[in-house]
Structure formats: C-alpha cells, structure tokens
Amino acid sequence: MGLLEGFAITARQHRFFGGERVTNEYSGGRTRDQHDQKEAKPDRVHGRHVLNRYEDGMEKCIGCELCAGVCPAKCIYVRGKDNDPENPTSPGERFGFVYEINYLRCIHCDLCVEACPTEAITESKLFEFSFTNRKDAIYTKAELVVGDDGKPQQMPWEDWREGDDKNTSAWMRATAPAGAAEYEGQVGWSGELGYGVRAPEPAQPERDAAPKSVRAVGR
Amino acid sequence: MDLLHGCPTGDSRGQATVFASVEQYLPLVKKLADDGYNMCSDLTAVDYLTHPGRALPEGVEAKRFELVVNLLSLDDRKRLRVRVQLEDGQSAPSLFDLYPGTEAMEREVFDMYGIAFTNHPDLTRILMPEDWDGHPLRKDYELGQIPVQFKQVNS
Amino acid sequence: MFALDPLLTGDVTWGDFGVVAVKVGVSFVVLLVATMFMVWFERKVIAGMQNRIGPNKAGPFGLLQTLADGTKLFFKEDLLPERADKFVFRLAPYLSFVPAFLAFCIIPVGGDFSNGNAGRVKLFGHSTLLQVADPPVGMLLGLALSSIAVYGIMLAGWSSGSKYPLLGSVRASAQMVSYEAALGLSVATIFLLAGTMSTNGIVSGQGSLRNWNIVATGVVPFVIFLLAATAELNRPPFDLVEAEQELVGGFNTEYSSIRFALFFLAEFMNTMTMSAIIVTLFLGGPQPISIGSWTADVHLGPFTGTFWFLAKVLVFLYIYIWFRATLPRLRYDQLMDLGWKILIPIALAWFMALAGLKVAQNAGWSGGAQALGMVVGAAIIFACFGLLRMATKVSARVRAEEGAMF
Amino acid sequence: MGLLQDVLDEGFSGIQHNFITAKLEDLVRWSRARSSWPASFGLACCAIEMMATGAAHYDISRFGMEVFRASPRQADIMIVAGRVSQKMAPVLRQVYDQMMEPKWVISMGVCASSGGMFNNYAIVQGVDQVVPVDVYAPGCPPTPETLIHAIETLHGLIETGELLKRRSASGSGANVHVEAAPVPAQPVPVMLGTR
Amino acid sequence: MSLVQQTNEGGQELGARSELTAKELLREVGSVLRMSEAEAAALALDEIDPTTDQTMIINMGPQHPSTHGVLRLMLELQGETVLRCKPIIGYLHTGMEKTAEQLSYMQGGTNVTRMDYLSPLNNELVFSLAVEKLLGIEGDIPERAVWMRMLLSELNRMSSHLLFMATNGMDLGAVSMMIYGWREREQVLRFFQKVTGLRMNHNFIRPGGVAADLTPGWRDDVLSILEEVEPRLDEYDVLMTGQPIWRERLQGVGVITQQEAIALSATGPTLRCTGLPWDLRRDQPYLRYDELDFDVIVGSYGDAFDRYAIRLNEIRESIRIVRQILERMPSGDYRIQDKKVTPPPRARIDESMEALIHHFKIFTEGFKVPEGEVYVAIESPRGEIGCYIVSDGTSTPYRMHMRAPSFVNIQCLPHMMRGGLVADAVAVISSVDPVLGEVDR
C-alpha cells in the first residue's frame, strides 16, 4: 500500500536500521574535537590565493597586471615597479610592488591564475575563512605572499588544516590550458614552486582508463 | 533580395531574419502567425546608439532602436527573427493579442529601453522599482560602477 | 465502579495533602523536562531519518539544545504588534499552554494494576494512585481540555492583526472542530466497553493483551483516534495551521520571545499528553504486556507501571515523528474530506456496531443470532456508505459545474 | 545609586558582575550561541548553498540551527544570502526591523558583502549600507564549510560577549569614499571607515 | 479602510477589484482563453460584488519560504480560494545584461553562469555556442569538448532536477524529501568541484571548448554517481509518486492546456506536461544529441503531477544519456586550436615570442568577434534558454540578451492558480520551478 511503504524508506535511512550517516562534522574550528575535520578537497579547488616565490626566495610576480586586467570583478589591484638591481625582488625587470585582492569581490573564477605568465598567483585549497570587518577582507601583498618556507601565511580568521596549503598549483597543472591534447601532462613552467607543488595530471589515456571499481552503494 | 510578405529578408550566420518597419510589423507578424509560427520565443531590443553603421539589407533604414522578435514554428521546427527599426520615442504595437506570452517580455523592453507598446494591457516597469529614473540598458545610461575598495589606491 | 483515589476517601490529613502537592509538583516538573527531551528526541530522530546527526553541540549529544532554545527565547525582545488585540494576544499562549498541563493530570502514569490493585501503590505510607486526579468523568475532562487548546491557537491567529495568522486561525478552528467529532466517537467505543469514563477504570479493565482496547474495540477506533489526534495536535501531515510553506508561520507568525516559546512548548507538550491518552485508552496504560498467563516482567517496585507507560508513550512519540518525516502535508479541503467523509462516518458506524453487539450480548442472544445481526448491520452500513459516496459525488459534480471550490 | 543608573542606562550589561549575574550572563550567551535560529533570507546562488548547509552532508542542525524561521519575529540571525538589488533593499531592511533583539547579520557571499562582480546600477554595493553586518563570508558562493566557519565566528563573538548589544549600521558598504592618495614610499594601509 | 486598500501599493501591484477595468482583468484571467472584454467585465462583477468586497489581497513574498527566492505573488483570496494572482518580479534584478556589455567574451562566462544558478553549465553552454556561431567556428569545436559539454550539461540537468525534487517535496510538507534531494545533488556537485574546482558558477564551458580536461578516474566518479542516484530515484517513487497524499496534492492542480502553454511561450516541462513532445535536444539538435538515444518525456494532463513526473523521469533519461556518453567519449583536444580564441600552450610561452604576445592579448583584451547577431537556443532543465548576442566587431558583446525560460514560464502562474487554494498556489509555483536569478537577470 502506497501510503505505508514510504515509512519504510524514511526509517531505513536511520543509522540503527541500516542507513548511513553522511554528515561531515566540520564545525568551524572554534570548538575542536576529534570529529572536527574538513572533508578532503579535490586538487582543483579554487581557494584563497597565494603569491608564490622561487626556491631562492625571489618573488615570481613581475607586476604585469594581467591578473588585474582579466579579473571580471576587478578585485585585484597591482602596481609594478622596477627592480632594484642591487637587491632584486623578482628575477625579472619589474616586480609587483603593490598587490591587493579584495575578497569581498573575488569570485574565485581563477582567470587570474590562468592569465599569470609566471605562475606567481595560484590558489590554495583554503576556503574556510570569514571576516568581521571589511578591512580584514582586503589582502595585501604582506598577507598573500608565501613565507620563507614556501607555505602560505595563516591569518587568524582563516581555518587552515592539513593539506590546505598543498597543491596550490593544482588548477594550472591539472591540464593544458590551451586544450591541446598533445600538451597534456606537460607542466611547461620554467620555474618550480618551493612547496606543495603538484605533479601534473596524467594525459588522456590514463584519464579515460576503463573503470577500475565502482563502489557499491550502502543502502 | 527576397521579400517575405513584402519585407526584406536577411541571413545572419545561417539564421533567417526579416526586417520590418513599425507599420509593417504587426501585419507581418500576423501573417507569420498564420504561416505556422505559433510561438514567440523571445522579444527583446537593442540600442544601436554607439554602433550605427551596422549591416542591413537595402531599403531598411537604420534607426536607433531595434526590436528583435524570435518566432518559432513548433510544427516545422523553424525559427525566424523579425527585426524592427524604431526611433527614440517611437512606440511599437504590442504583440499581446497574437502571443500573450510576450506580455512580460514587452514590459521588460519598456523597462530597460523605454520603448512603449501600444495596446499593451499593463505597461509598467517589471524589473526596476516603479520610481526608477531612466532605462538601464540604453547605451547612454551609465553602468553605475563604483571604485573597488583597496587599502592602497592609486588609480 | 468508581476507582476513587484511596487517598481522598475518609478524612483528608495534612499528609494526604502533602502527597497531592508532591504529585502536582512532580508531574509539572517531569512533564516540562520530558517535553524538553521530546524536542531533542524529535530533532535527533528526524535527523537520523535524514542521514544527519542532529543537535550535538549543546551539552552531551545536544541534550541541552532545548534548554538553550528556551533560555534564548526567554531573553529575547518581546513584541506586541500595534494592530493586535492586546489582551487576547497576551492571553492566547496560556490558553494553549495550560490545558496541555491540565490534561496530563488525568493520566495514570504508573501504578500497580496486578491482582486487582486498581493502580494503588504505597508512597510514603499512603496508598495512592499515580495520577494527579482521577475524576469520574476523566476522559470527558481530557476531551474538553484538548478543545480549549484550540481557542489558544484560534485567538492567537485572530488577535495578531495580520493576514497569515488570520488564515491560520481560520484553518485551525475548522480543522479542530471537524476532528473533535471523530475523536469523541472513537473514545465513545471505549466508554461502551469499559463502562466508565474514569481513566483509572479504563486502565484497570485492560488486564491482558486481549483486553487492551485496541484489540477489544477492533483496531478501527484506534486508527481513527490516532489520525484525529494527529490533526488535533497540528502535527504533520495535518499541520496546516502553521504550514510554513503556505502561511509563513501560521497562527504564531507575530509571536516572539517567551510567548512563542509557550506555543512551542505547548505543541510538544500536547503531543506528549495525547500520546499518553492514546496509551491509556487503547494500550492499557501502565499495564505490562501480558498474554494469557504470561506477563512480561520488570521489577521496579511502585514504578513498574511507570516503566511500561513510558515505553508505550515513547512508541507513539516515535510514530508522530515518523509521520512528520514521511508524509506530505494534506491540503485544506482534503483534510476536511478526510474528517467529515471518512473518519466520522466510519467512527459512527463502528460505534453503532459495537453498541449493537453489546446490546445483543446483554440480551443474551445466541452466537448465531449475534452473527446474523452483525451481517444485517454490516449490510445496512454498506448501503449507507454507498449512499454517502453517491451523495458526495453528486454534490462534487454540482459544485464543479457551479465552479465553486467548496 | 550607581548600579541603578547603570542598569537604567544599559540594561543587563550595566550590572557589574557578581556571581549571580555573571553566571546568568554566561548562560544567556551560551544559549544564544547554541540556539541561533536563522531567518531564511535566501536571495540567489548563495541561498542554494545555504540550503545545502542545512542538508545532510553539512547539517547545520548540529549547532541547533536547522530551525529556519520563516517569520522574522522568531529568528536571531539573518543570513543575507545573495545579491541584494535596489528593489530588494527596502524589503531587506524591513525584514531586519521585524526581527527581535538580539539579532545578528551574516553577509553571505561577495554579492551581499560588496556587490561582487556585479558592480552596477542594480545591486546594492554591500548590504552593510542597509543593515549592520557582523560577519562577512567570502566566496561566490561560499561553500557550506565557509558558511559554517562564518556562523561559528559569529557564535564565538556572541559567546565571548563581544556582540550582545545592537550594533549601529556602519554605512560602510563598498560605496565608502576612499581618498585617492599618491603611493607613499612605504606602503601604509589606508584606514577605511571605522565602525 | 479595507484590507485591500492597505496592500495596494500602486503601479506594479495587483489592483483592487473594485478599481479594475475589464481590460486589466482580461489580462489576468482571460488572455489565453481569448475572452472578450465584455465577458471579462461580466466576470469582474459576477462572483464578487465590489461594494461588499469579501476578498483579501495577500502578499506572498518577496520573502516567503515557498516562493523559491524573491518572487512576489499578490494573491486575491476569497477564503482560501485564489481568485486572481499576479507575479511581481525584479527583486533580484542584477543588471547582468548590462554587465555583459562590459566583460569580454572570455570573461562573459563568469557573468552568464550566475543567471540560472541551478544549471550554470547550461548557461555557459548557450553563451559559448552563440559566441562560437558568431565566430563561425561552431563546426570546428573538438569532439572531446563537445562530448564533455554534453556530459556536464546532462549531469547539471540531473542536479537541477534533483533540487526540484527537494524543493517540491519541501513545499508540499515532505521534509525528508528536501534532505534526500540535496543529498543526491551533493554527489553531482562534488564531481563538478573535482572537475571545475567550484561547486557552482563554474565558468568552465567557454567559447571554443572547455577550460580543462576531465580528472583522472572521472569514469569511476560518474559511474558511482549514477549507481547511487538510480536506486534513490526508485525510493522517491515509493516515497512520493506512490504516496496517495502526494498524488492528491498534485493531480489536477495547476492545469494548463497545450493551447495556453504555447500561447504563453512556455517551454520545458511546463510545455511538455501538456503532451507536446518539444525538446530542443531532439527537435533542434545541438552538440551531438542527434547521435544519442533518449526519450522525450511528456505528460497528458498538464497538471503539477505531470510536471513532477516529467522531471523525475528526465533524471532517468539523463542517466541513460550519461551512460552513452561514457561509452563514446572521444579523446583529443578539448579546446579549439585557434590562436585567436584559445591561449597558447604554457610550454610555448617561454619558447615563442608570438605565443607570449597571444597570451597577453587574449588575457588583456580578449578575442575579437566579427560583426553580426545570432540567437542560439538550447534545452536547459527549465526549458528553452536562448542567447541573443549582437557583436560590433570588438571583443565585448555589443548586446547580450538571455531568453530565460523561467522568466517566460512564470507568466503561466496566474492561469494555473486561478480557482485553486493557497496550498495549491505553493504546489504550482514549485511545479513551474522558477529560478529567480534567471527571471530577473
């Protein structure tokens, strides 16, 4: 009878009757307990930006303003400046002197990352942050640029967990941005990141490999 | 040049187009409705203020506004676009009696471009508040951008 | 057979008075606390049915969630809408809150019903019933109080001075009035069998599983009572009164702070009370499950009955939550149809059939004659049912022709 | 009487802490942080993620927040989820005014916080021009985890007592006038309007 | 002062019946039925005597739990019966068509994807198809990109319809259905997040192809979604479709005839529920839908239940389509190798000055699109979504207009609701499944 069959459906979702609890107990990092953890994020996730440096500490940004130009929300502000020849900030001729991102405007479309010719700006996996005032939301270069160990800086209003700072280069290394199959699996960068570099994704034959296993659905 | 019900036709990237003046507009659409174009899938307008020199077939005089009506024949699976040239301040007849579904679309065009439709049953603003000044999609209407906040601005 | 509380027979001493006071106090506190856990229970169970966790941050397992809700609401700003009828607006929450408590007074929440004890237990040296009061017209009092609760909801909606609450209160009054009848008719079958309206008496008569009224009255009145009670409680799928998707908040849209908390509590308290009434009426209240000579035994002294009572109530609370998790909400006219065209006729027919059977038994008819009477009765009922269906169909057609909805 | 005057001026918070009021205040803060019912103010994309936060995978009910109240009278937190158009702004303010004290606002998503990528005539450039905002959640839309972070940030502020009183509207939407100053030799942050 | 006068706020609102001209009434009740003005005037006075006005005008929205965002409906009620209804929109007007004129074709995806936020990939798809048609490269899109677009848009159709299942259940009071719908949708979103990096508003399908290739192991991911969703749909059937209360609530509610639906330009499930098998995927095929085997689901009564059942079965059809796509996904490029449209390969930037210049040009000013205008329509989960673009030869559209299915379908509401109850109104809104971001743009 149609009226009563539904009761079996709702009841059997319960853990005690063979159902499965799907909730991930992330609780904002305010009260930490053993359950409080983020779900593992896929590599390509667009999160908070970082400004990368070469392994020798030089900044990658050359102040070309491509990211600012391509941003649909116009939330990036860059001003370049000529390097001091004695004490250069970046290996090129110019460097990003002012670099600001307004996170109250950023839509995380990652066009800036695609546009950057030197892979200076990439995105970490961190998306758990919130602000109590507008000032915190405007990140300057001081906050965006990675530390000496190559790891992103952690602001008090951000909730970093294990793995969030890794693979910041994932979106760009996922695939060939030109969409040419022959370039798949090739990074095509002259300089390497110091920390959390992601190996490029494999080329198409591996991507399209036949399914190995399909998880049986617990019901 | 082919004529369809006395109106010049065109072809835009393989899509059939017919050009009508305001006077021809309603009779033309009536005939097209009889021809089997039983659905008006879209009605919109374009303001050609800053792009006057567009390609038009002979005999069609470019005016500031253009009313674009996309008709669809469900039986023949055909689409036809009617383009109507309008001066600023000129009003067009409403298609409401032929296609009641154009009611909201015409209101939207009125709201966004200020093109009035005669015989429209309820020509009021639809998207903007009633007391709004101006018609936002006109080319002479500013986007209304404000500067983005940064801590250190030099622009 | 009046099973009067032995405490109140003879002279009433200060000690007796003290026992009554303790009973009142304890039942007040227990009901309040139980309601709080009921809210928690509902949220947890429904979360479980939806693959979720439910509240778990306030206290261990979120047990104190309702305390947090209550405290927060208590310290929230209160509001009297300008267009409200001030006096009625203030009065309404109490009208729905107080009856919920009072109705609980007549419920035997425990007691020893074995060996003809009729629910008496020894407490502090006094022999007493484990219920606050046992008036001879107990169930009538219960029904009366549950209808008073309607006024709370109705007046709350009416006095708010805005439209959604008004619609909610109109729905409430119609809904409650219609289901009251079905509720009363199904209870009447029990009066017929038990021969008393005293709750204690009704429970005493349900010694073994075969005597439980759910079996003795033939299940149908129980089902009708369950449905009608759900409607009386405004529980889903009959929660039209506060249907959030339709009426925003229904009757309590304009209420905030402690007044809203009272409605909130009253709703859950009513659910508890109604579950308790169902258990009392149909499932033998505090009586243990016993089939023939076998009895499911737990030994908890004077509180054995309470254990059974709570276990049974819990089942019904779960059923109410299950309803909510599973069923879509009925529409207003469907609700009316269900009440007037299905529940009331069936309840009435069943009542008549049982009454006939009782008369036949009293008159000492033979088994064959009883069976024949049943068949004739059934035939008449079916004929009446057919006529009713025809009538509703014809009137539906007429209404459709006239283009009216009702 | 100093105490009386304090109470008359500031209500509960005017009472100096003694062991009763301190405990009571702790209890109130605790309960407000554990049971903040959101008003459903879903507008656009963010509303979808807000509902996803209430769904099984993220389950906002863990914080006692699954009670999305349709009636603003009973709600504590207004989550402005999505872009607020000029036509919607008066409604937003009205709903905010209909909410009872204490009340808090989370501006969810960049469109609500500053207009986001829609820097144009139709969108209010920051809801803090209309209502006082306590927490801003970035992202377009923020993921449910970001929203949970924002909610917990707010709960933290409530529980530590930083946010017990009504905030006055800051009026500091994106429309704040920033003086165009020449870039100094050393970057010095320009202070925006303070609260 | 009567309640009617208090809520009559002028202009866009529903007028009081006593002040109503026959013509206004004609629009509200009789436009599709081709009622004459005299008939409409008679109707105005027929049921209700304006002097003893017993009706009540009630505002549903713009903030109301069941209006799917910020739709505002003014309902004139007599008791609980809806006499007239007027949808008032614009509360989410975002100026996207104006914004589109500022963004280049390459950035445009970020804008259009936010219109119909429940099926962002379909929006990007129609925008990309229109731009490609203007560029004249619609035939040169690599096969893999085409099939990836189909895969993503079908998965998106699934997620959108799953959300409809959830909200429809919620609106009718089935709270668990709400959660179940979201639970399944979450699986699809997680796949999107894996591939595009974002859960919603992806900006992934772009003119010329798609932004990135699929992730390794995508077949497993997609298959596990399908394996999970398919049995769940049977659960929905038990929980909802077979539920007598559910059927009672939806059957015969919000009926629209085929003639009315065509006259009101309704598309998608709103048109198909009347029995007209009109699905652009089959009737005006785009991408490679003509090579796929799928059914167009139609209803026969035109009521809310048909619309529900169509969507439920369209999820099944989408699953069927996705299975076929899984088998046939070709390999190769996934963006057109046209230097003017696609940025050069990263590895070439360091070697070739020309590549660097192309890179800079594309990311600063975008690519130029030849003059012209096109209208391209595809089948989104809600109906025909059309993109009309006028190009003046620069790298930003001169005018971009979206024909939003919800915007048009919402006009059916007054006709569907007339004579129903308030509870039916809720069911009707939810069965049309409008997305307000798309309605107001």
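Letters A, B, C, D and E name the chains as they come in the text, with residue numbers starting at 1 for each one.
Quick note on the criterion: contacts are C-beta pairs under 8 Å (C-beta built on N, C-alpha and C of every residue); 3 or more make two chains touch, one makes a residue touch a chain.
Bear in mind the structure is a predicted one, so any value in this text is a computation, not a measurement.
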item	value
Co-neighbours of chain D and chain A - touch as defined	B, C, E
Pair of chains joined by the greatest number of C-beta pairs in contact	A-E
Chain of greatest Cα-centre distance to chain B	C
Chain whose Cα centroid lies at the greatest distance from that of chain A	C
Length of the line joining the C-alpha centres of chain C and chain D, rounded to whole Å	41
Between chain B and chain D, centroid-to-centroid distance (C-alpha), Å	42
Length of the line joining the C-alpha centres of chain A and chain C, rounded to whole Å	56
Inter-chain centre distance, chain B versus chain E - centres from mean C-alpha coordinates, in Å	22
Multi-partner residues of chain C (each touching 2 or more other chains)	49-53, 57, 244, 248, 325-327
Per-residue overlap in chain B, given as positions that touch at least 2 other chains	127-129, 136, 141, 143-144, 148-155
Junction residues of chain A, two or more chains touched	6, 9-10, 13, 22-23, 25, 27, 31, 72-74, 79, 98, 102, 104-105, 107-108, 134-135, 140
Pairs of chains satisfying the touch condition	A-B, A-C, A-D, A-E, B-D, B-E, C-D, C-E, D-E
Residues on chain D engaged by chain C in the complex (per definition of touch)	27-28, 30-32, 34-36, 56, 59, 61-64, 66-67, 69-71, 73-74, 76, 100-102
Partner chain C, residues of chain A touching it in the complex	6-7, 9-11, 13-16, 19-23, 25, 27, 31
Chain B residues within the chain D interface of the complex	127-129, 132, 136, 141-155
Chain D-facing residues of chain C, complex	43, 47, 50-58, 62, 64-65, 67-72, 75-79, 244, 248-249, 252-257, 260
Parts of chain E lying in touch with chain B, wherever the complex brings them together	10-12, 23-24, 26-27, 31-32, 89-90, 93, 95, 97-99, 102, 133-134, 136, 262-267, 276, 278, 283-284, 371-375, 377, 384, 386, 388, 390, 392, 398-399, 401, 403, 407-408, 410-411, 440-441
